[in-house]
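Next up: the structures, one after another.
The same chain A turns up in both complexes below, where it pairs with chain B and then with chain C.
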Partner chain A sequence: MADATGMGGVVSDADEKAARRRAKRLKRFDSPWMNPKLLTGAGIIVGILLFGLLGRFLWDPELVFIGSAPLNLPPVGFENLRGEPGSPAHPLGTQSSGRDMLALMIVGAPNTLFIGVIASLIGMTIGILLGFSAGFIGGRTDDVIRVLSDVMITIPPLMVLIVFQTSIGEIGILMMGVLLSGFMWQSPTRLIRAQVLSMRQSGYVRMAKLSGASTFDIMFKEMLPNLVPYLFGSFIAIATTAIVTAVGLETLGLGPQRVPTLGRVIYEAIDSAALLRNMWWWWGIPTALLATMFVGLLLVNLGLDEVANPKLRKV
Partner chain B sequence: MSNRSIAGVPLSYIGNRLFTFFLTVLIAASVIWIIPRLSPVDPAEAMLGRMAAGAGFVENADQILVDLRARFGLDEPLWKQYVVYLKNLMVFDFGVSVANFPTPVSQMLAAALPWTLGLMIFSVLIAFVIGNAAGAFMAWQETPRIWKIAIPAAMVFTSIPPILSGLLLMWLFAAQLEWFPLTGSYGLFETPGLNWEFILSVIRHGTLPALSIVVVTFGFWALGMRGLMTTVQSEDYVQLAKAKGLRPRYILYRYMIRNAILPQVTAFALKVGLLVTGQILVERIFSYNGMGKLIYDAILNQDFAVIQGASYIVILMTAASVLIVDLIYPFIDPRIRHGGGQ
Partner chain C sequence: MAPRTRRVAWGLAAIITLAGLIAIPYHDPESPGARIAREDTVIFDLDRSIKNPRNFNWLTPGVKRLHGAHQAMWEPLFVLSYATGELEPWLGLQIVGNDTHDVWTLSLRRGVRWSDGEAFDADDVVFTADMVRDSDAISAREAIRFKAQIAETRKIDSHTVEFRLQKPNPSFHVENFGVLNFSSFLVMPEHVWRGQDVGSFDFYPPIGTGPYVFGSATSQRAIWDRNDDWWGADTGFRDLPQPKRLIWIESGGQENRAQLLRRNQLDAGQHLALGIFEAIQAKNPNVIAWHSGFPYGWTDPCPRQLEINTTVPPWDDAEMRRAVAHIVDRQQIIDIVYEGSTVPSKSMFVQYGAMQPFIDAVSNAGYSLPTTANVDAAHAIFESRGYRLDDDGTYRRDGEPLAVRILANTASAETTGTVDLLVEQLQRAGVDARSVPVEDGVFWGEVIPLGDYEMSYSWLSCGSVNEPWASMSRYTNSAIAPVGERAPGYNNTGRWDTDATSQYTAIVDRIGRLSLGDPQIPGLVANAYQHLYTEMPFVPLVQASKVLSFNTTYWTGWPTADRFYVHPMHWWNSTHLIIHGLERADAGKSSHVK
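Up next, the complex of A and B:
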């Protein structure tokens, strides 16, 4: 056919190419990974990270130190109770011991996220190992892991951490993440175990077994890729829980004391009666930032749910 | 693998749940016993230090140290201390408070617990009802359009810990508008008892703490309910009910929600730990008379006996709620009872 109309063949060829390109582009946006919830959520989290990383270069992080700025200044455009106007030198205001709020947020927000990521990474690693062992080996191993995760999922981490902090004392950010991870492996373990148990019956795993694939290959080459959306979802969910717990601990005046975290800023605000002194920027800015962070994490999680569970997708 | 059962619930299931409960409490109790023993600080010396800080000079310090160690059983071998500790836990004996010497810790806990439990039951029930209604309406096909937009918008708060919503509500309704009192769990001039002024005062003081929990927890139930409703919607019996020409509202209440709501009860078991600790933090910012304030004051005073006792009670409360949900569930959901247990 292309022989009969030489020119037409060229045109239709180019057309076809363009159509294929368009289809490819559409397909890329059609992928479940490109759903609006996931994109918005990821955008928020990346935004907060960039705010923390770039902020260090654009703003002076030394301003987090006590007495590095005037006291009790409101944000630009507002007045505090003494009638002082906000100054552009401290756009988000300052608190009672002369720390610049913007600098506190720039240094504190990544710290808070970091605690969650550390706890979640370690928790996930333990969870993947235990979940696969429980689902695969079965028997006694499964019983022990199942009971242990049932037991540990019930114990509220905040209470144990309060006991830890009041008796051992001062800890750093890394240590905080490590401590929290001790309470973050249970739900991934249960999730992965359940998935592995159901996947073991599936055709492709039996096929792989019949064709002589090693247990390691079956676990990590056949099963793990199918678990990716679940793993991401679980990662985000436990990072959220870890951050919530860390913030809770910090608002009790515990947790890392030497480095600013968002929870610690809120603690100092409550402790200095910022609510009564109408210094809303002191507790309000970290609260708003944390709330944005949690909303972002929730959206990512809901988006990942849609990836893992096609039933939830809108047609 | 015995086939004996109570009202259709296999005994092995009940035994399993009880075993998990006791193991949870035992492990948690052991952990909060071991942690302080890893600390380099000698509690007797710390107590003596506190005395010295108050009095300036303490006579016979060595003798007092020995006495203190004997009084708190610190001179015994570790295993014996552990056994004594476990035995005391069973009768809720946590020793005496250092800050409010010599009030027994159990007495302070008993005073705080009703406030915490009351606030919790109240806020959890409200959140459960609102959340499940919201979730059901989100999934229901007949729901007006406005609600389908409004409900998910409200659920953005789901992920925010209650302490943050508490701060916002406190600032807005207590500090700015002064509609509700800022802190406390009842008015300073009320005499606790069964009079109307006191009850009204308790309700007024409890509204904001309860609200700050409800705003951020109802979305959890709503999300779960939506998922369950979408599954129920495609079930044959719902299709049949529609084909019979039953009113959509009747189908929603009698066919869909009734079947979807049961698994929601088990979701509570997963959430209870976060609920309890979230509430403790809310109580702390509102200076509500419950466990939260008790724990915060104890942290400030380094009153370790109170911290340990309160932690134990909170863990016990959490584990007991999970146990109760697990034990009740087969009785309210016949599918579990007759479906072979798994």
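Up next, the complex of A and C:
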């Protein structure tokens, strides 16, 4: 009995420890931030970023420039229309100006993401400031901001950006992001305003008002932290919209010209009749990379939705 | 009828009425009437839009001729045969100069009629010549050139005209009336133009003497229908051409053009990159080019060059312009833009056989540019001018980068591709170069003639094909306009005007007074060229290989190297010869589209 009790005591301790470890692990994975969609999406985006960052050290980024490689080579294992085989020196092939496709992807993919991030950062910052001001301060401030964002949201960004870019000529990556941000603040402004309007009546906000906290403190120290998952979700959605708009402009031949982006690569492929020339690698690889990027951003967005909205989580 | 049904019926009636009211103003009274079969229609490619489709005043700026007007409706007096070097008579029968080349007598063909039935005669020629001479509103290159030469035009009889020139010109007839390059001096109907203001008259609807009459036009398309009452068939000059309808359409970019050719929706295409042409031919063997194999293309009579505005610092310094010439790797342009299908330019001239003595004179005098770059020489010049290479790889002076903006006409992928490559070469050499895409109408209508550019890529030395004067005279200082005013005839748009220009002008004027074939000319060309070489108002780049596609599915008889009856530039005034040479093909037998 003593042995048995003693053994039983040992087993019970071990079980408890194991159960605690399992509970801790489960608790860790139970965190809404660790949902599979968010993790997978983030993994894809980080993967693309790493591809761009590490690729610059493992591959020659100078190969993105005109005349740095032979023309029209297919990827390794394929032949082009003239029967020329691919070369290991250019594993993803080259295009008709003598640019290396792998180098174009290594440099172009992060540039495309960067445009989206810049546009989204600026758009969200403006959206947060205006949305909080409209929702919390109300009155005339709310009227002006609401009308302004309602009017702006009806203006098609692509059309305005085409006119703008045609008139100012070539622009860089940063400028492209800044330009796009002019059309990315309206939606977060409206949505944040709606959230703030509902939060304004919350107990903790009333308490903060009663305790004499300043408007700025209430908006940005009390209310803002409660909107963090939601803001992250909006950030990703806007970045996606900005990338789609940027790719649209680039595919029309506007946007940065000497600096490669995925949209620019696709434009050059279209302009040089890559489809007709069976140069599938020229348009197919950047299109696939863009699709992967959008899937990653979508998953991140869905994952953040689950964080912000407990009803979406699986039981 | 139930109230709801009645409401729906009234609603539908209102919508139909409204739609009808809206549609009435948009009815195009000139839309082509009779349907003409595809087999009887030739579709030509237009590489730019028609800015003002209801204006046919070719003397003023804009797309007024190459959408069919001077290929189908307005006929030339003569056509210079690039194959024989002879002038082929058309509306004119003969033109001869006196011994001093300052009086020329033109004999006109009898029996020529305008499409409205009026006779074409010496009165039309004299009227047009006087109108051009006396007007300051004209800007077309062919009119400006004529105006600069003519002193007086006199009617001898109803079919003979005498031209008295301001100074002797042995090439007067070829330059002005022979479609030397793109177009020629086009005679307008006196009975329509008399009393009109040259600058504002739109000449709509237009008439001509050609075998086609104007049908309709929009900004992307122009239609011309055959005039079965054409004078040429009645007089026995030529048979009526076989096509019943000619259409010019703006095809858009290379991709669209390629797809239209592949699907037999285009019969004559503008330039395509060599690789694209090969891809089309692999899918549609009915599509042909000038040569049946590599390099496929026809050598365009206008060699490509980098134009430099010599009034804009730091490019107003001849040494800085020479530095740019050192940076340019012309072999790379050939390898990448032309896929190896052309050669570097040895001078400003097109490298045709008749030009060889003049090109040799320039080369033997040491004025040809090397094919590859010498970036070190360029760096030495930059540094001698106080520029220092910064950490970012750009030359700077007093903190300001050495920068340049190069204009690229967006109408052509060849242009944008070359400018992108030039930008790359300059960037790598430490010049902060940028490409500025400019729409075709703005490029030729504003920025180039007004001198509103630093550098641009074009072909403004174009002119000579069998003698040197036509090209060389474009850089003299005889008519330099200040920046902001229109350069007459697109001549010397870079405003090169130094002591060297004066010396150059004196020699070129002397060349202009000598007869074609005078043995002094090559030596004089070399003497004049030393000033171009030293001062570099433009940088000669490459000869241009034009891969122009013709589709034999519906029409055969296109000009090729094996059938050289005319050159293949189907947007030129000489296209009349192509149209008359076309024969209807059996579409069913020859169609193998994949």
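What we mean here is this: the second predicted complex is superposed on the first by the 293 of 315 C-alpha atoms of A that agree within 3 Å, B and C clash if a C-alpha of one lies under 4 Å from a C-alpha of the other, contacts with A are read in each partner's own complex, and residues count from 1 in each chain.
One rule holds for everything that comes next: a contact is a pair of C-beta atoms (placed from the backbone, for glycine too) under 8 Å apart; a residue touches a chain by one contact, two chains touch by 3 or more.
It should be emphasised that the depicted structure is a prediction, and the values quoted were computed from it without experimental measurement.
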Overlay done on chain A, so just call it for chain B and chain C: clash or fit. clash
Contact-wise, after the overlay, does A:Asn278 reach chain B, chain C, both or neither (first, second, both, neither)? both
Between chain B (first) and chain C (second), which, if any, makes contact with A:Ile153: first, second, both or neither? first
Mind working out whether A:Gly67 is in touch with chain B, chain C, both or neither, as first, second, both or neither? second
Please work out whether A:Ala42 is in contact with chain B alone, chain C alone, both, or neither, and reply first, second, both or neither. neither
What is the contact status of A:Gly248 with respect to chain B (first) and chain C (second): first, second, both, or neither? first
First (chain B), second (chain C), both or neither touched by A:Ala213: neither
Comparing chain B and chain C in the superposed model, the one touching more of chain A is B
Report for A:Leu121: first if it touches chain B alone, second if chain C alone, otherwise both or neither. neither
So, does A:Arg258 touch the first partner chain B, the second partner chain C, both, or neither? second
Check whether A:Val163 is in contact with chain B, with chain C, with both or with neither, and answer first, second, both or neither. first
So chain A touches chain B in one structure and chain C in the other; where do those two contact lists coincide? 169, 253, 270, 275-276, 278
Contact set on chain B toward chain A in their complex: 19-20, 23-24, 27-28, 31-32, 35-36, 38-39, 41, 156, 158-161, 163-164, 167-168, 170-171, 175, 182, 227, 230-231, 270, 273-274, 276-278, 280-281, 284-285, 295-296, 299-300, 302, 304, 307-308, 310-311, 314-315, 318-319, 322
Going by the contact rule set out above, which residues of chain A touch chain B in the complex? 147, 150-160, 162-164, 166-169, 240-241, 244-245, 247-248, 251-254, 266, 270, 275-276, 278, 280, 283-284, 287, 290-291, 294-295, 297-298, 311-312
In the complex, go through chain C and note every residue touching chain A. 253-255, 258-259, 262, 273, 275-276, 278-280, 282-283, 332, 335-336, 339, 405, 413, 417, 420-421, 423-424, 427-428, 434-437
Touching residues (chain side chain A, partner chain C) in the complex: 65-67, 71-72, 81-82, 96-98, 169-170, 253, 257-258, 270-273, 275-278
